[in-house]
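We call the chains A, B, C, D and E, going by the order they appear; numbering starts again at 1 in every chain.
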Amino acid sequence: MGSSILIFFNIPGLMIVVGGTIAATMIRYSLRESIYALRMSFKILLPSNDIRNKEELVELTDQLVRSARQNGIVSLEKIEINNEFFQYGVRMLVDNYPSDLVRQTLQEENHLLVERAETSAAVFSAVGASAPAFGMIGTLVGLVQMLANLSDPSSIGPAMAVAMLTTLYGAMIANLFALPMADKVAVWGQEESTRQHMIIEAVDFIAKGLHHSMLQDVLAPYLDKKPQNENAEEV
Amino acid sequence: MGSSILIFFNIPGLMIVVGGTIAATMIRYSLRESIYALRMSFKILLPSNDIRNKEELVELTDQLVRSARQNGIVSLEKIEINNEFFQYGVRMLVDNYPSDLVRQTLQEENHLLVERAETSAAVFSAVGASAPAFGMIGTLVGLVQMLANLSDPSSIGPAMAVAMLTTLYGAMIANLFALPMADKVAVWGQEESTRQHMIIEAVDFIAKGLHHSMLQDVLAPYLDKKPQNENAEEV
Amino acid sequence: MGSSILIFFNIPGLMIVVGGTIAATMIRYSLRESIYALRMSFKILLPSNDIRNKEELVELTDQLVRSARQNGIVSLEKIEINNEFFQYGVRMLVDNYPSDLVRQTLQEENHLLVERAETSAAVFSAVGASAPAFGMIGTLVGLVQMLANLSDPSSIGPAMAVAMLTTLYGAMIANLFALPMADKVAVWGQEESTRQHMIIEAVDFIAKGLHHSMLQDVLAPYLDKKPQNENAEEV
Amino acid sequence: MGSSILIFFNIPGLMIVVGGTIAATMIRYSLRESIYALRMSFKILLPSNDIRNKEELVELTDQLVRSARQNGIVSLEKIEINNEFFQYGVRMLVDNYPSDLVRQTLQEENHLLVERAETSAAVFSAVGASAPAFGMIGTLVGLVQMLANLSDPSSIGPAMAVAMLTTLYGAMIANLFALPMADKVAVWGQEESTRQHMIIEAVDFIAKGLHHSMLQDVLAPYLDKKPQNENAEEV
Amino acid sequence: MGSSILIFFNIPGLMIVVGGTIAATMIRYSLRESIYALRMSFKILLPSNDIRNKEELVELTDQLVRSARQNGIVSLEKIEINNEFFQYGVRMLVDNYPSDLVRQTLQEENHLLVERAETSAAVFSAVGASAPAFGMIGTLVGLVQMLANLSDPSSIGPAMAVAMLTTLYGAMIANLFALPMADKVAVWGQEESTRQHMIIEAVDFIAKGLHHSMLQDVLAPYLDKKPQNENAEEV
């Protein structure tokens, strides 16, 4: 039936669950922190042009190192760098900032990212804890309304269906979005931080004007170790 | 209907939930601790004239430092200081207390605040754990009463509605007030403590009569680092 | 109605909840430990003549120190000491025990108290975890009995009411008594231990026959710091 | 009624709960570990002739020490030692094992006991977590069966009673047996380990052939301190 | 009845629970990590020819050591080694890799295994937490559908039965598979890692060409200590 899916939509119920969850989250965290959390979740879930693969980052660094040694630091301006954090570091080099300041600035950025990822994970955890509670609150509101006006027996079924929807909303918000997202953001924050540490080393390497043959040694600790025994990998 | 909202009010039910929660909290914590917790929650939620922004605190300190060097410590009496803790420290300076004693007294105040914020967060956590339990107790009381006098079938609905209200009250007290407040107080306590540490340094700076040009260096560690890369901030 | 309150009493139900909880607690803890826990809860909840205020303890110590220096240790026998632990220590001094032994004996007493307070808190926590479970078990027993003999529809209501009572009993035992008591005992144990440490110092002070002017310095670390800024206290 | 107690027995339901719990425990722990856990629970709950009282152990050691010094180590063979661990140690002495090896062997035994007690407590914890879950699974199975064949309204009651029995079984297994047992085994393991440490010292004492007057000093640290102040004990 | 077991199968319900659980797990962990977790669970549960017994590993090592000393390392090629990890190490020796590289490569493999076992345990924990939630979501979906179309009273029973099936599926996935598996994988990972450490020592021993009489001393720390007191073992 066409109406089949419509029975799962109930605007007042959705407002109780979403509104209550937002209210409880706003008491815990500032608006700014909540918006960061949302933005971060978009950034993680949406596809991006940013280079996240570490091998590609090594290749890109290699290209930048060669170009810097051959044509000078300024030539880096023309190379496309598909990684915001890397580009920011290289732009500072091109603008002739001292390498110490570049390193320090990037490290402060990195520190900020780690802090924000932790706060965002906490925001999603709080949402995941609040949503089912407000789902239950909505269901109780619906049941009380229904029971207090128990004149028409035939209306009990649909009224109970509507009352139960808020519990469903709360459970879905928590289990399909907030709780997995809390875990994801925490893990992503650590990975992105490692990647930024690697980029900081890469930018430092370019700034020092070292030879590209030494690049592997500097970046090796950040690369995932690949199993060399394909059988043993068959865990 | 005008009666629609009234069905959600039930004085005996509210008394069971609120009374039971208060009783359980009074066994755990003294009356004094509970009142501190309530006062602290008002202080946090209500708007206040107190300067909480750290940049404004730096500005105010700068103003005080200049005034103290030009016109002597006593001149600070005339400057309006919109921060209780800061004002208390400056008043002691004006009253010619030795700077060591001022520092020590402020640190003891700060220590007290941290302790109270922790106790208050624990009080709210205890309320958040008790309220749903007493909501359920109230519902059980209502259901037992209803089921024991099951003569009139038409009264089942309203009686169950009333019984369910206490569960609703308990869930709302816990999820809209107590649990978010517990988290908020804990975070606020840490922030306020950092702010007070900064003020202690500021008061010390004034007491030593140092030149205002050195102020930034002393207070810098307490300021939030601002991202200098606006793109990277777009997390 | 006069019968209104009677519907909340059900002896078999109470026996299931209380009996089951006691049984589960007896497996976990010995009878002696459980009785200590009960005694400790009475001691904490009932009003007592024991001096618990630290300022009064300082005053009492001052009085004892002066008397001991003026009229000798034996004169302490005539002074009323409203604190069991203090009295025990002074009685040993009067009986001419060496001060080292007095100190050691009191410290062993103190150690014992700390251990017992911890065990008692654990006993109450176990009761608080068991009681709701046995409440549910009682309700299930009642429901099974009712459902298996479902001949008379008019008996369903009262039978369900009786079945639900055990859940109510379990929730009340846990939330009004056991869980708050567990927290209370833990906190009380720490406070009483601090008080006993203070008394041990006081008894030592008397034994050494020092001058009462030094008393404040010795006992100061045990006194609560009072806020000297009445405004700042208005948190 | 004679049939009253029979309604609480339902073989298929019991099989779901017990079978499911065993299955889930077998995945977690090996059969050997589970059997150790069961044996340990019997050993703890059943009355035993083993001397567990530390004062009696001191007395027994005193007797053994005197006999060993007067009539030689071999004379110990004739003395009845109601403690398996002690007897094992003494038998090794009688068999003329070097005292170092005796000590080491007993310590390995002790290490094994501690490990097994920990594993057994974990097994009971796992059972305590699984049993209520399989109780609920059994109830759901019963309800689904009942609801799918809802032809005869008069059979609803008994069918629901049967369905609820599994939840009852699960709750009773967890709360009357598994969870208290998990706590008990953990505590018992620590006590037994202390007792074995004391016995190891005692066996070592016998092996060294020291004079029984020194026994108290060696074993004192293992004895429970008794409160010497009977009033203060009245906590 | 033949239809009896069929009432427990409901494809849409299974899809909600399994699909939702997979979706929530995919947000938390990458596809690769989830597949590793599944593979690892198969490897653990299915019978294998791999030698896992430590005593057999010692025997096998002894055989390899003797053969290597008598006929040279290359002779090891002909000996059947029923343990992938061991075989991999020996194959590298036969291929004349330097022993340092062999050791390092095996240690990296071992490090990888430990990491993967931890991640896999976390994946199963996440599944165990999600499955019951999606079971409840499926039941709510079913109840809302049923209640919204409450025209035919005779369809209530079967519809509720279907709705309850998803809760049953969720509880069974969590309690019979995911949660026990999470514990099992964690324990297995530690055991397998110990075994691999032992094999690394064994391969190193072969590489150094030492005499087999020293083998016991090198591998002893990895062998389980066997109780020598059969009575005391009867815990």
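One rule holds in what follows: contacts are C-beta pairs under 8 Å (C-beta built on N, C-alpha and C of every residue); 3 or more make two chains touch, one makes a residue touch a chain.
Since we're looking at a predicted model, the values are computed, not measured.
Any chain bridging chain C and chain D, meaning touching each of them, is missing here; the list is empty.
Shared contact partners of chain B and chain E are A.
Between chain A and chain D, the least number of touch steps comes to 2.
To fit its Cα atoms onto chain E, chain D must turn through 70 degrees, a value rounded to the nearest 5. Shared numbers divided by all numbers used gives the overlap of an interface; between chain B and chain C this overlap falls below half, so the copies present different residues.
Distance between chain B and chain D, defined via averaged C-alpha coordinates, is recorded as 48 Å. Here the CA centre of chain A is 30 Å from the CA centre of chain E. Looking at chain E, no residue sits in touch with two or more other chains.
Viewed as a network of touching protein chains, the structure reduces to one closed ring of chains, two contacts apiece. Traversing the ring of touching chains from chain B and stepping first to chain C, the chains occur in the order B, C, D, E, A. Only residues 20, 23-25, 27-28, 36, 39-40, 43, 84-85, 88, 105, 108-109, 111-113, 116, 126, 130, 133-134, 136-137, 140-141, 143-150 of chain D touch chain E when the two sit together in their complex. Of all the residues in chain A, the ones that touch chain E in their complex are 4, 7-8, 154, 156-158, 160-161, 164-165, 167-168, 171-172, 174-176, 179-181, 183-184, 187, 225, 227-229, 231-235.
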